[in-house]
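Two complexes are shown next, each including subunit A; its partner changes from subunit B in the first to subunit C in the second.
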Partner chain A sequence: MGNASKAGGLNYASQSKVTFYVADMFTGLKALAMTQIPYHNWNGINAKSFSDYFKTITDAAGRNYGNRYAELFEDMEYDLGRGWFVNLTDGFYVSEAGSVKNLSVKITPESQKDGIFLKKLTSAAYVNTNNKTVSDSVAAGAKIGTRKVKAYVSPFTVSMDGVKTTMGQFNGSGAISIGIASPDYGYVVGDVVSSTEGYYQEYGITSEAGGYYHPQLIENSNYSKTLNKTGFNTIIPSGRIVDNNNPTTNYYYPLQINQINNESGEKQFRGKTDSDFLGCTGIRKSTTATETALNFFAGAPELVLTDKSSGKRPLSLRTNRDDFSVEPRTGLSRIVSQAEDFFYALSKDKETSPYVTVTNSAKNAIYSFSINLLVSPEQENVNYKTSKITLEFIFSIQALQPTFTWKTSTPTSPGRWLVFDDAEVRIYGGGYATGGYTTNPTDSVTVSGESIYRKVTINN
Partner chain B sequence: MGYVTKANVLYLDLHMTEMGRKLLLEGSLSDSIVKFALGDTDVDYRNPLQLLSGEVPDVTGAHNNCIFGVNGGYDVKYKLVYVMGQNSVANSVSRSGSIVTAFSNI
Partner chain C sequence: MIGDITRNLVEQFSDNFGRGNNISYAAGGVRYSDNGAGAPPIVGIITAGEKLSKSYSPAKLISVNNSDGDFSSEGKMFAAYSNTIKIYDDSGNKQTSSLLYQRFFFPGKTTLPLQTNNSMSVNMNKSTTRLSLRK
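And then the complex of A and B:
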């Protein structure tokens, strides 16, 4: 086995194939999400079993990650490109006259089929060639059915990093990464339903005010006057995920008071110095995007808008819990479900289904498809030979388990993935078919030698 | 490049790639063309309909026997590039290098 590391330098390929094991992205996040267990509480929770996990996985120097959570997040995100975003490639260069140097590049799909997949994969907001945003989720998402079309928006996005060196700015010369893009961040404004409750606070709001606010409003000092008039007692940083099938339904993930209290320094937020409207500024100890995201989407419960009244407030954001012997719903669970929905929809969508291979079904399904991309110089009048990359996506629903536990639906509650059912982590990578796995997301391969996260094949 | 008979008026037929045809259907082709390039590229070898013996590419030959569709991803070598509004065309820079994709830890 052994840890993955960039210490070995870079390998270069004019033609390559990257096989991305989608389940590893989520099982790796489950491993990292277990750092959030101190903020949770339910009947029968065994918090120690989760924190003990980190003593069983080690870094490249052989030190275990027990109580070294920040280092684990940083090793994953900065060194390995694994986390909320996962690197599919690590950069683009031009090889000329025996040297390799940065170059601004552009990427184009090789064929119409590749363009369709790329568009649907990044369809949270697709920008067409006229730089006009196509925000119609039905047009952009993957579709099921013909009579009444059901469209699922992808929870993913694909990004290309730029590189800045002493030689200049090189557009697109950095990594191509796939990331989770369905969530955004803002603030929840409302009255805490029960301020003595230690966990999973809920908020009373009205139809006129309160609820989820865009950061631009909250962080604008003039707006605090408007907020003061509402009389709400709390403002708290929150994540939000839009339902992947219904853009008018949202799920909210406001930080818990125990998460805020874990922060050092000034905890109160004032829109203006004389404002009496208090809240907090959120997570500041985090040093990675992945840890910040998981504070919201694994450390906080999922709230939904209900017409359940609270005191003088006629509406409220509630946790929607149906079973107090298991964890509340979380954002990570929601995102895993959205990814599963999206791949299923790709296998049914008439534009993409001919190119999607499906093995097995339901919770044993394995979906795969490929996208071919051509990388060429950004400058039209430079004639370097293009580089071709084949991105193969393999999403084994089976490989999500037992890291995630599927809780079947009840007459009153839809099925969902449990993140904290136990402290199990299995990252299968290429072992999704043979059963080989590793429990350490910083490893390079499984116990039986299969690559995890991505497998690179160079076809020069 | 083939030989073109000198004439006062010379017509060029435009064969579009998939992207060009898509823009045309959206009614925005004229807005989208802000630059164009001319080049001598012979045949798009990915097209199953290849030139037969004695045929030459469309611009210099009998276009009725040539290929009317151009595959997406097709590119022209050794371009002369013209950007709308400019007064001159620019020779493309011919380089011998290749774009490479970098990977760590493989």
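And then the complex of A and C:
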């Protein structure tokens, strides 16, 4: 059995190593996040500098991406596997009698250490920075956010595509990807605090009703009367991210009204046959999951629950904002911080720290570790040689910069990554150590020839 | 009013819970304090809506599987209403506007729960086909 990469043709190997440059996942998303700039407004914003960026990067045919945002998202997500999920491998196959074909596989960590890393990476367990035993149960872990012990949860998950062909259905024969899975999606219900505010709406709520709701509760005919009785004037689709160190503190990302209003009238469809009710494809007719995710986590501001009253509503969801000369907090900024926290925690956790290499510290830190996986046929009685794949993760905090700008903490506000401080994009890939980079996330290599996103080494 | 819109969503469109759709939210990522009936008592500062939603698992990665260029199916329908949303289709019944019923395509992938035998689950029955909307 072997695994293969599409980059530069299909390479088949029974053993291979994929080096994944974690910072590229986020700097690539920063490039895509700049499509969201029309929904933002702050003192001194230069929206044109962000839209001009897309005129400077080109596709494989040499056409620039200026005003071709849908194509950029599609090229990134569908062709390159570089979006909200990033492909680490492209597929698993068996080579038999000179032909390469799909088959159903099972994946096993090579050693206990590899299993522990997978478990923590996929958010099945907390990572402990203080060498204290933390329960594997995330729910139980909710009790742990004290001053003595900090426990962080991964913002990532790992995914595996199945493959369906005319030859059949093959479990796990597709790509292995790493994705951002900390958010969930639902609704924010409340009263808009200021109906004349064009950006960053805030919502008045009460302690009995309003706030974030699960769609399963909202999308129920029996609940519609209850919703009407609340008297709230707004219900908006919203993302939510839990604080990575305190599962009882959440951050909310309701779409802005200027995003909801952005539907142009095209791509409409009717509800039931002959229905008068029309639907549309949300936010700029997004055709990719990555764009949808960034609508919530780059196009909308972060809100937090406060006891600030609004009219007759005693509580409110307010922008988590301390400086009106820069962007409001966003979900992407929150996720980058959570990834940084997670890798730092891996380097301190007693189960993983012996296997994590750390170079430099703080905003110059570089973390690396490897996970070995064995891939074998799902059917026990099939006699194919087991394939081994090594996934090496390298996360250079330095390589996040200057694409992201670190805004240091103040006495009243914690530090945070700025997404929209400027239109700079640098994808360092393997150039994280030498300084080589490219500004185009659809490129294969940096200007000095290092692979970006991932480097595949076969028969290592 | 907002209840009227959510009722319309359920009655007029597919891909929502009220129509009996079994929308599967794949596992992965952090859980929330309002995660299911087995969750510990809520002691943190969360909104009333989250307390009311406590019996549901978080809506994480939504499965999507589309025919190329078909925008009228799959994905996930959401209601969106505010008295500050302008209504394009305001002839007659304003509740028919396409701005109020929007379909979103979310990250849809299979996640890999670690099994008790230390292997990863890659069962196709639990998997989602990656989004394919390319025109």
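We take it that the second predicted complex is superposed on the first by the 404 of 460 C-alpha atoms of A that agree within 3 Å, B and C clash if a C-alpha of one lies under 4 Å from a C-alpha of the other, contacts with A are read in each partner's own complex, and residues count from 1 in each chain.
The criterion applied here is as follows: a residue touches a chain if its C-beta (ideal position, glycine included) is under 8 Å from a C-beta of that chain, and two chains touch if they have at least 3 such contacts.
Predicted model only: the values in this text are computed from it and were never measured.
S.K.: Check whether A:220 is in contact with subunit B, with subunit C, with both or with neither, and answer first, second, both or neither.
M.R.: second
S.K.: State whether A:94 touches subunit B only (first), subunit C only (second), both chains, or neither.
M.R.: In the superposed model, A:94 contacts subunit B only, not subunit C.
S.K.: Of subunit B and subunit C, which one touches more residues of subunit A?
M.R.: Comparing subunit B with subunit C, the partner touching more subunit A residues is C.
S.K.: So, does A:299 touch the first partner subunit B, the second partner subunit C, both, or neither?
M.R.: Touch status of A:299: no partner.
S.K.: After superposition on the shared chain, which partner residues are touched by A:389: those of subunit B (first), subunit C (second), both, or neither?
M.R.: first
S.K.: With the two complexes superposed on chain A, say which partner A:429 touches: subunit B (first), subunit C (second), both, or neither.
M.R.: neither
S.K.: Between subunit B and subunit C, whom does A:108 touch in the aligned arrangement: first, second, both, or neither?
M.R.: Both partners.
S.K.: Between subunit B (first) and subunit C (second), which, if any, makes contact with A:331: first, second, both or neither?
M.R.: So A:331 meets neither subunit B nor subunit C here.
S.K.: Can you give me the overlap between the subunit B contact set and the subunit C contact set on subunit A?
M.R.: In subunit A, positions 105, 108-109, 115 sit in both the subunit B and subunit C interfaces.
S.K.: Given the complex with subunit B, which residues does subunit A contribute to the contact?
M.R.: Touching subunit B: residues 4-6, 8-14, 16, 18, 80, 89-97, 100, 103, 105, 108-112, 115, 129-130, 374-377, 380-387, 389, 444, 456, 458 of subunit A.
S.K.: Spell out the residues on subunit C that touch subunit A in their complex, using ranges where they run on.
M.R.: That would be residues 1-13, 16-18, 25, 27-35, 38-40, 42-50, 52-53, 56, 58-62, 64, 71-72, 75-86, 88-89, 92-93, 95-99, 101-114, 118-120, 122-124, 127, 129-135 of subunit C.
S.K.: Could you list, by residue number, the parts of subunit B that touch subunit A in their complex?
M.R.: These residues of subunit B touch subunit A: 18-19, 23, 28, 31-32, 35, 37, 71-73, 75, 77-79, 81, 90-106.
S.K.: Which bits of subunit A are touching subunit C when the two form their complex?
M.R.: Listed in rising order, the residues of subunit A that touch subunit C are 74, 77-78, 84-85, 104-109, 115, 118-119, 122-124, 138-140, 142-143, 153-162, 164, 169-172, 174, 177, 179-189, 192, 195, 201, 205-221, 223-230, 232-237, 240, 242, 244, 246-250, 252, 255, 257, 260-261, 263, 265, 267-269, 271-272, 275-283, 285-290, 292-293, 305, 315, 317, 378.
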